[in-house]
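Given below, in the form of structure tokens, are the structures.
Two complexes follow with chain A in common, the first pairing it with chain B and the second with chain C.
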Partner chain A sequence: MGRYLIKRLLWLVPVLLGITFVIHTVMSLVPGDPALILLGDTATREQRQALRTELGLDRPFMQRYVTYVERVVTGDLGKSYRSRRPVTTEIADSILPTIKLGAISLLFTMLMGIPAGVLSAVKRNSWFDHTATLLSLLGLSMPVFWTGLLLIYYLAYKLPIFPVGGMDNGLMSYILPGFTLALNSVAMVSRMTRSSMLDVLQEDFVRTARAKGVPDRTVIFRHALKAAFVPILTVLGLQVGLMLGGAVLTETVFSWPGIGRAMVGAIMSRDLLMVQGSVLVLATCFVVVNLATDLCYGFFDPRIRYE
Partner chain B sequence: MQHGRITTRFLAFVLASAMLVVAGCGSKQAAPVGGNSNEAAGGGQPKKGGTITVGRPTDAISLDPQLATTAPEVWVYNNIFEPLVNLDEKMQVQPGLAEKWEWVGDTTLRFHLKTGVKFQDGTPFNAEAVKFTIERVINPKKPARGRSWLGPVTGAKVIDENTVDIITATPFAPLLNNLTMVFVAGIVSPTAVQKYGDDFGRNPVGTGPFKFQEWKTNDSITLARNDDYWGSKPNLDKVIFKVIPEEGARMIAFDRGDIDFLLQPAPSEMNRLKSDKQTNVVSTPGLRILYIGLNMQQAPTNDKLVRQALSHAIDMKAINEFVVEGQMLPAKGIVAPAIFGYKDVGLEAKYNFDVSKAAELLKQAGYTKGSDGIWQKGGKPLELSFWFSQGRDLKDKEIAEAVQDQLTKLGIKVKPYFREWAAHLTALAKEDPTFNLYTMGWVTMTGDSDFGIYSQFHSANAPPAGTQYNRYKNAEVDRLLDEARTSLDQAKRKAAYETAQELIVDDVVWLPVYQTQEIAVLKNYVKGYVGHPAEYYVRFNGVWLNK
Partner chain C sequence: MTLSQFWRRFRRNKFAVAALVVVILLLLAAIFAPYLAPHDPNVQSLPDRRALPGGKFLLGADEFGRDMLSRTIWGARVALRVGLIATGIGMVGGVAIGMIAGFVGGWLDELLMRIMDILLAFPYLLLAIAIVSALGPGEVNTQLAIAIWTLPSFARLIRGSVISLKQREFVEAARALGADTRRILWRHVLPNSISPIIIYGTLYIARAITMEAALSFLGMGTQPPTASWGIMVSAGRNYLRTAPHIATIPGLAIAITVLAFNLLGDGLRDALDPRLKDA
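And now, the complex of A and B:
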């Protein structure tokens, strides 16, 4: 287990190196001169040149990349082109709201997706199963900015129960954005739970448990669900990644001060170091979550060994 | 099971609601348009206290006036910092931190400062602070973002505690107006700048009526009343600038009363807001001109006859009426009427929509209409490359599409190139680009034609040196603009700008579309707010809440 963990963590290094290189290349290829964007359309050539020098943009591509990696190794992600604040500070400001929102939405996903999937499997082809299928389809196909706005219109305006957005109203602030962000995942997870449960419910050990007179509830939730959980866990792990990196629309609709919005702002104004830093941090989160998911497999399926 | 039922019911509810919304949209009738005013004054004696919440789409990047210069920043720090001189609502220069000023020779502008003024951190405001700020702007290693506005300024010289000279290398007549721009020369506290370094943008200290209190990134910025303000003390305790990026959500927050003051309201909501009795819409004719620019070096727009034909081929009236939906004012020139040096050149009559005249001019230019209905010359079709962007100015993309449609109908081929804003700007600034037409907005914020006309029409400012994307080159215009830039005789300057405008309009360099309106939407209990033509000019000194 320990060796496996170390091995996996070491893999992080080439993965992150690859990611920084790709994002560095992409951002260099994207049209739009950062100096021109930052200075606006009033600046002179001399001014733009001075800014390019200040930001190090006048140096060759590889040289910039190597300097960047050297700095990243020491924990320095550079300074934002726009605000001149350290990128780490900028990210620290906005990643926490995203993580909080992701956590709430993960909770929603599990509380709604798993029971719905289990019930669909148990009552296969019942009206519940068909409705759940339809709703999953809806959940997957409704764009979050549309669902989000509808929720705001009805539950924050017509019936003013929730705030329109922001994080100022304690737990109440989390309900609508958390639910909106979770919708897609609920659909995915419930579908996965259903198919995985259907497989497991056919297995001999379930029949044995039933034959032994174990109550239905225990058979389903303790025996079958645990055995069916590995693929569900995989989907959950991937959804967490999406919740962190793909929350930008939800963040926008609900005025959520998260990293998605910060990153889009940075991309629009070609704040390269801010973009690179954010991607790096999000990618690290993604990889770590996946690692954690992998480590959890062993809990649900003791046959899995980490070597 | 229980859970499944709730989800079912909920989603059924959402679906039903969606249908209602769709049905509601269909039957919505246009509301009557209320009267515009640029003032939400009246209401008797101002009341002290209270907090106003301002809703806007984007957060600031930094509150350092020498680092961040766009609307989301200036809206906020215009209440924290002050320049030496101010522009009033009529775009006239008025005393600010300087009581008086005079030119001492051609290259020295002397300011006599107000005495007894202190920065919000207690640092005394004096000539040293002005010198510090000016040198911070022109620092060659780390120039301020707005450095170019100070042109040939080489430094500042302290004469005594309350007198300071700003010195230029060559005569620079627009200097006084340019110094009114808070995002160029808002005076900063030297002690605070030295204390916070690069973090000054998060700890801004100026002399203004409100001081910085708190910043929650991408959420809100709070300012508190500066009780030691040298001028008439503000009424409000606090001003909160709240970020609500989504347009619909912002409108709902306003309707709910979460916010009292709305910046950049949704154009589609204007009619409803104007007819709402709880709401006051303050609109002021602005200073930005949205235009379609022509490339003077690239065939076929390098041919004056073709340009003239284009000036009659586009129905700007229809575009303003149906595309812009009357939200803006039809452009009357290449600068707004409130700008010093503006001349009414009779643009509407000169560039009137007249298809037969356009056809006549194309014939004169040697074009004939082919059997496919396309104008051509020497077997080559008349084709224009049109570069545009979206979302920078109201309906910019839609206008470009309407123009493309109109020209196509007249037998002029248009090749559209749509780019995201940053890419659009970079493409235009390249050397020898291949466009014929482009869309752009330009705002003469200083109130002086130098910033509007010199920067946009002087050949010295063509890329890569500057931002004259038209690549216009007219020696006489250059001479007039140089004269207006260097002469300190205002009457002479005005005459030069007037002649230059006539020449430029005659050469058909821009096809101006609209002049902006600066719109603020406030709850009717918000009193004392006076609209300003200059973008970003939102100040809360005189504002109070009648509730």
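And now, the complex of A and C:
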């Protein structure tokens, strides 16, 4: 386990280097003069030249990349052109609401997706199974931002139960955005739970447990679900990626003060360093979460040995 | 599998058949939009601003008094154009990369697949957002961004399929008969990988359409006044309380279109290659 962990942690280095390289390449595609874009047209020629030297825009691509990585490693993501504050400060201020929203919707995903999938598998081809399958396809097909607007229309305007947006109303303000962000994931998790459970329920140990008189509920939740959990966990890990990206949409719809909304604002004002920094931070979160997911496999399936 | 065998299996899934009909109707709507739309989608009629459905405009009018029905029909054009082109580019690129990686193997395989892994390490939407924010908004850049996003999935899929085909006897036989790599890839490997390509392609059209709508909703995709469903929903957001039809109608169009492609993809999978159940 120790060696495996070290190997996986070391593997993060090339992945993160790759991510920074992709971001660096994409950002070097910006047409026109980045100094002009970053400083705005009110800046003097000298200011622009100073920034160009500071960012190393007058140097070749690979040299610039090395400088960029050096700065990232030391925690310097540049300054936001809009607020003139360091990008790291901007991100630190807005990431917590996003994490909270993500946690709530991950909770929704598990509480709805897993039981729905288990029930679908146990009652295969029943009306519940068919309804759940159709609903999950519908959940996969509805655009997140539209679902959010529908929920606002019905549950905040027509029936004023929930706030329209923001996060000032305690737990109530989490429900609609959390559910919106979870919807796609609920669909995927329930589909995966269903198919994984169907595989496991045919196995001998489930039959043995039933034969020796273990109550149905225990067989399903203690024996089968645990054995079926590894693929479910993989999908759950991937949902975090979907949520980090989906947060951009959900936060826009619900005026949620998170990193996603900050990013949209940054893009609109061509605040490129802020965009670059946010994408980097979110991608890093995703990579780390996936690593953590992989490390959890052994807990659910002791047959998995880490080499 | 012959075409009639395929059709017999496909026909059994009623949802998939219905989805196929919807997709065909959508394609027809997109192609014949200029003839089908009752009004010019971009002509503003200020007295009819935010007119509710019914009356002069069947589906009401938007915030500039433009006919919602006509704009929704024209929006099908943008959605399908972006969906098909972006998926097409991603598919061709991904298939090429996957075939090379899978067939050549060795360090090239390792390198190409690690690059694909890195592209997959970006959370949903964010790579596309980064690309569009660098290149600037617009339909072509949106297509490019979505294509790059779909690329690694196709590459992985095809690589897996090539690796398993490479060891099959008929490929070995072809090689023994003196076929070169290019011929083996084109004549033997590609035709045998066509089912998963078609299935993934259909499912990715659905995802590409969602993504175009999302980028346009955020103001980074297709630009106004072009009738894109995403832009329409975004505009309707400001009038949700008084004129909810502006946001709901195009959103419904997205949902129906995406659902149709998803159901069609599922149906194709069940008919062509049931082993791909978790795709």
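Keep this in mind: the second predicted complex is superposed on the first by the 271 of 307 C-alpha atoms of A that agree within 3 Å, B and C clash if a C-alpha of one lies under 4 Å from a C-alpha of the other, contacts with A are read in each partner's own complex, and residues count from 1 in each chain.
In the analysis below, a residue touches a chain if its C-beta (ideal position, glycine included) is under 8 Å from a C-beta of that chain, and two chains touch if they have at least 3 such contacts.
Values in this document were obtained by computation on a predicted structure and should not be read as measured data.
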- Message: In the overlaid three-chain picture, which partner chain does A:G245 touch, first (chain B) or second (chain C), both, or neither?
- Response: second
- Query: What is the contact status of A:L150 with respect to chain B (first) and chain C (second): first, second, both, or neither?
  - Reply: both
- Message: Looking at A:M167, would you say it contacts chain B, chain C, both, or neither? Reply first, second, both or neither.
- Response: first
- Query: Which holds for A:V206: it touches chain B only (first), chain C only (second), both, or neither?
  - Reply: neither
- Task: Would you sort A:L140 into first (chain B), second (chain C), both or neither based on which partner it touches?
- Result: second
- Task: Report for A:V275: first if it touches chain B alone, second if chain C alone, otherwise both or neither.
- Result: second
- Message: With both complexes superposed on chain A, which partner does A:L291 reach: first (chain B), second (chain C), both or neither?
- Response: neither
- Message: In the overlaid three-chain picture, which partner chain does A:A103 touch, first (chain B) or second (chain C), both, or neither?
- Response: neither
- Message: Tell me the contact category for A:R261 with respect to chain B and chain C: first, second, both or neither.
- Response: first
- Intersection of the chain A residues that touch chain B with those that touch chain C: 30-31, 138, 145, 149-150, 152-153, 157, 252-253, 268, 270
- chain A partner contacts - residues on chain C that touch it in the complex: 114-115, 117-119, 121-127, 129-131, 133-136, 206, 210, 213-214, 217-220, 230, 233-234, 236-237, 240-241, 244, 247-248, 251-252, 254-255, 258-259, 262-263, 266, 277-278
- Item | chain C partner contacts - residues on chain A that touch it in the complex | 14-15, 18-19, 21-23, 26-27, 29-31, 137-138, 140-146, 149-150, 152-153, 157, 192, 195, 240-246, 248-249, 252-253, 263-264, 267-268, 270, 272, 275-276, 279, 282-283, 285-287, 290
- Within their complex, chain B touches chain A through residues 1, 3-4, 7-8, 11, 13-15, 17-18, 21, 58-59, 61-62, 67-70, 140-143, 145-149, 198-199, 201-202, 216-220, 242-246, 248-249, 252-253, 255-256, 258, 419-423, 425-427, 429, 440, 442, 455, 464-467
- Along chain A, where are the residues that touch chain B in the complex? 30-33, 36-45, 47, 50-51, 54, 79, 82-85, 90, 93-94, 111-112, 115-116, 119, 128, 131-132, 135, 138-139, 145, 147-154, 156-157, 160, 163-167, 252-255, 257-258, 261-262, 265, 268-270
